[in-house]
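What follows is a set of structures to go through.
The same chain A turns up in both complexes below, where it pairs with chain B and then with chain C.
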Partner chain A sequence: MKVYIRSAGNISPQHSLDTDSFFLSRTTTSNNYFKSVEPDYDSFIDSKMIRRMSRIVKMGVTAAITCLKEAHVEIPAAIVTATAYGCLEDSSSFLRRMIEFDEKLLSPTAFIQSTHNTVGAQIALMLKCHNYNNTIVHRGLSFENALTESILLLKEGTRPVLVGAMDEITDDSQAILSRFGLYRKTDNRMGNIAGEGAAFFLLEKDQGKKSLAILKGLHILYKPESNKAIQHSLLEFLKEKETTLDQIGLILTSHTGNKKMDEQDKELMNSVFRNKVTFPFKSLCGDYPTASGFALWMGSVILKEQMAPFWMEHGPQFPLSNILIHHHSGNSHHSFILISES
Partner chain B sequence: MSLNMDKLMYKLKEQIIERLHLKDLKPENIGDDQPLFVEGIGLDSIDALELIVLLQQEYNIKLSNAEDGPRVFHSVRTIADYITANSGALKVTT
Partner chain C sequence: MSSHTFVAGMGIVSAIGNGLLANLQSLSNEKAGIGKMKFLQSIHSGELPVGEVKFSNGELAAISGLSSQLPRTALLSSIAAYEALLDAGWDKSFSQRTGFISANTVGGMDKTENFFKLFSKNSAAGKLADVVNHECGAVTELVAGQLGIRHFVSTVSTACSSSANAIFTGARMIRAGMIDYALVGGADALTRFTLNGFNTLMILDKELCKPFDENRHGLNLGEGAAYLLLVSENGLNQLGKKPYALVSGYANANDAFHQTASSPEGTGSYLAMKNALDNAGIQPGEIDYINLHGTGTQNNDIAEGTAIQLLFDQSFPKMSSTKAYTGHTLGASGAVEAVYSILAIQQGIIFPNLRLQTPMKEFPFKPVSGFLRNQKIKSVMSNSFGFGGNCTSLIFSAA
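Let's turn to the complex of A and B:
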């Protein structure tokens, strides 16, 4: 069964809600984090609903609406969302009030909105969609597992499936996660630059009038024993998908520029990815557990448009048939996503 | 109508707007007797919970009987009446 990416919607630190803008200009950051370029949400979300929404909910809902509009689909047969951190702003707000009010008289809204499935629920409420609705929370493989579930749903005949991933940065999360050494601190240049974003995709079994790309395959790898194991796993995956490395015109890598975290990437670049055209997608969206959502969006629009963004140096050759995404989160949660021209 | 009641209703409108993030509304846009739920301002069940917390936090008044909710929270005036009836010496500061 072929899985088609019919449409996509993406809010990220780049101007990605409008594909043309993404191809024309690149956003950079001088901070230790990469925050999303956000639209005027009032033009996307009903004012009665938006008043309770935190940033991640607005990002997720807007990306989902954009995706559905692009495909002219009003109600999907299933909504599957993925997030690692969930709604951090609401969680912080709720916890702060617990301390402030001595665990009494807590405001219900922040609590209700702090659950990981808030974005999926708000999309369903907005669309009045009573169909299947699930949220996958699985650290750096949240989005990949949401994709797996979506593919299984399509196989069962549930179609189309709206699948998306979102994570946000807040002041609290940045302070805590950089203290853990996951992201860059203010006072040093080590650690990854934190990022955020929301990306949604409408998946179908057939091409329809138009589609962005074909989701050819997905492979998950948890805590590989060695770099050799990653390479072996990749080659086996490609063999299964009847695709050779030579047929892949562009590889989107998780390379971040952080020496400590990039060791595996570096080894791959010197072995299986040697002489291949690669691009480090986290330089555009920052590092966060569901950043593979951004990479899938980026790969899909490049395949659809059959051109590289103007700012991309040493881009791929066109026509371009296949793009491989290698995502990893903290060197422990790895995934390979193979997409091809539709 | 007493000045105190007017002040209380105005204060309540400000608190409702702030607490429920009704950023498009100003106190002047909410009628004293305008229904707050559904056909009026359009509040829902989550807002009702917020209003219960508001009463407790700001006025130290607990809604003892949940069945009184629809009557008490019908409009700004009914909330103000409930506060007046259930607080000893109410002082409204602006």
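Let's turn to the complex of A and C:
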């Protein structure tokens, strides 16, 4: 069975809600976090609902609606969402108030919106969609596990499937994660930055009138024993997908500029990826556990347009048939996603 | 591809006991585990009864072999997951064909609460060790690491239906032939975060809860963990074990009505139950027992009852909510109740809906009020409906 990415919707630190803008200009940041370029939500969501929504919910719902609209689908047969951190803003706000006021004078609003399935639930609510609805919350493999589930749903005949990845930066998350030494110091232009975003995809078994790309394969690697094992796993995966390295014109890597984190890429960069056209996608969306959603969107639109963004130096050659995404988050969560021209 | 999925092992820790046997004993002795808070520190300790697991973190750590500094949810998860593997006779040599799919709703929130006490006043304060396992997935990975499973590890979080969806996910992967063993279920410890959250919604009963009673006043929160080891036919042969039951049907639907409240007509509940019957290929009349979601809130029980009335149309199976024993264990509840549902099949027993005095006047049926033995039970439906409209029904049948 082939899996087609019919359409996508993406809110990220880039101008990604509109593909043309993404190809024309690139945003950068001098901070150690990279927040999304957010649209005027009034044109996507009922204003009464917006007031109660945190940023992750607004981003998620808007990306989902954009994706469905592009494919002219009103009600998907399944909604599968993925988030590592969940609704941080509402969780933090309820937690802070609970501690500050010693468990008194609390209002339910933040708690209600703090559950990890809020984005999936709000999409269902807006669409009045009673179909399958699930939320995967597994750190750096949340989106990959959601994709695995979506592919199984398609195989079972449930289609089309709306699947999305989302995470948000909050003041608290930035303060805490910075203390783990994950991000660059603000005066250093090199190094890792925190990121966020919401990317949704509509998956189908057939091509329809148009689609962005074919999701050719997905390989998940949890706690690989060594860098050699990562490399071995990739080669096995390509063999299984009957794709040679020569057929891959672009590799989107998780390279961040943080020495310790990039250690994972080293072996690949010096061997399999050597002499290949690579691009570090986290330089566009920042580092967050579900960033593979951004990478899948970016790869898909490049395949569809058969064009590199204007700002990309040393881009791939066209026609371009295959793109490989290597996502890793921390040392233990790796995935390879192979997409091809549809 | 559509090979059978069997339940080969079970493990549970709840307010009514640690282990299958202890739970079965409390169930048959009609002994509830809900009472005054002992381990959770909250200003509500005097007024809100809860279903606590009767062990301190230190004691849970000693049983599980994990550190007492880890989230309580991880400790509970480890204990029940290990029991399920041991019960099935699972061996580490099967790990390359094993998936671990666990559910929880707030990850390591109990530790994050500690962290925020200091952090909320000074962003440079608070021990990082207290937030390192905040994510739901981190709790799963702590246990996966201990069990030596890394082939496929995932976490589901759909509020009160979380572990029912984890069971669903594992069963689907086995049906698709991706794995032969799926350790599935969920865990949730009581936290001040959830206790206060539910309290602000004004759906917590200050007395012991009375699901499906005309005079019900809300739910009691509980905690616990439960896991099933699901296996393919291949896996079953390898284990050489008699299965407890078959996973015969499952479905997931969304109420799409409100973020926390259920629609009065129970649309989501109806669709989940109906589609699960279709998935199992059986008629409503073939269900012998329904383990109700039955939280005890006004709204939940009306919605579920209305859906049952419509779907089962006069041929009502026996039914009860075991939340009157354990409290609502949130992310663990789907798995806790799956274990009870399977025990019902295996032992031929039906658990009472404790404390039922006045059945709801809206419905022509009423839950079972006394413990029933010597029942012929072929198929059981287990319901889990939650926030965000997420509704899941599972059907287990005699193997």
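Everything that follows uses one rule, which is that the second predicted complex is superposed on the first by the 333 of 342 C-alpha atoms of A that agree within 3 Å, B and C clash if a C-alpha of one lies under 4 Å from a C-alpha of the other, contacts with A are read in each partner's own complex, and residues count from 1 in each chain.
By our rule, a contact is a pair of C-beta atoms (placed from the backbone, for glycine too) under 8 Å apart; a residue touches a chain by one contact, two chains touch by 3 or more.
Fair warning: this is a prediction, and the values are worked out from it, not measured in the lab.
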item	value
Combined model on chain A where chain B meets chain C, clash or fit	fit
Partner chain in contact with A:85 - chain B first, chain C second, else both or neither	second
First, second, both or neither for A:118, with chain B first and chain C second	second
Residue contacts on chain A - larger count, chain B or chain C	C
Touching partner for A:107 - first (chain B), second (chain C), both, neither	both
Chain B versus chain C as contact partner of A:51, first or second or both or neither	first
Superposed model, angle subtended at chain A by chain C and chain B (C-alpha, nearest 10 degrees)	60
Chain B versus chain C as contact partner of A:290, first or second or both or neither	neither
Touching partner for A:135 - first (chain B), second (chain C), both, neither	second
Shortest span in Å between Cα atoms of chain B and of chain C, once chain A is used as the common reference	6
Residues of chain A that lie at the interface with chain B and also at the interface with chain C	106-108, 112
Residues on chain A engaged by chain B in the complex (per definition of touch)	47-48, 51-52, 101, 105-109, 112
Contacting residues of chain C [partner chain A, same complex]	42-44, 105, 112-113, 116-117, 119-120, 123-124, 128, 131-132, 135-138, 140-141, 150-159, 165, 169, 172-173, 176, 178, 192-193, 196-197, 199-201, 252-260, 267-268, 271, 386-390
Of chain A, residues touching chain C in the complex	79, 84-86, 91, 94-96, 98-100, 102-104, 106-108, 111-118, 120-122, 124-125, 127-139, 141-142, 145, 149, 152, 155-156, 172, 175-176, 179-180, 220, 222-223, 332
Touch list for chain B against partner chain A, complex	19-24, 42, 46, 49-50, 53, 56-57
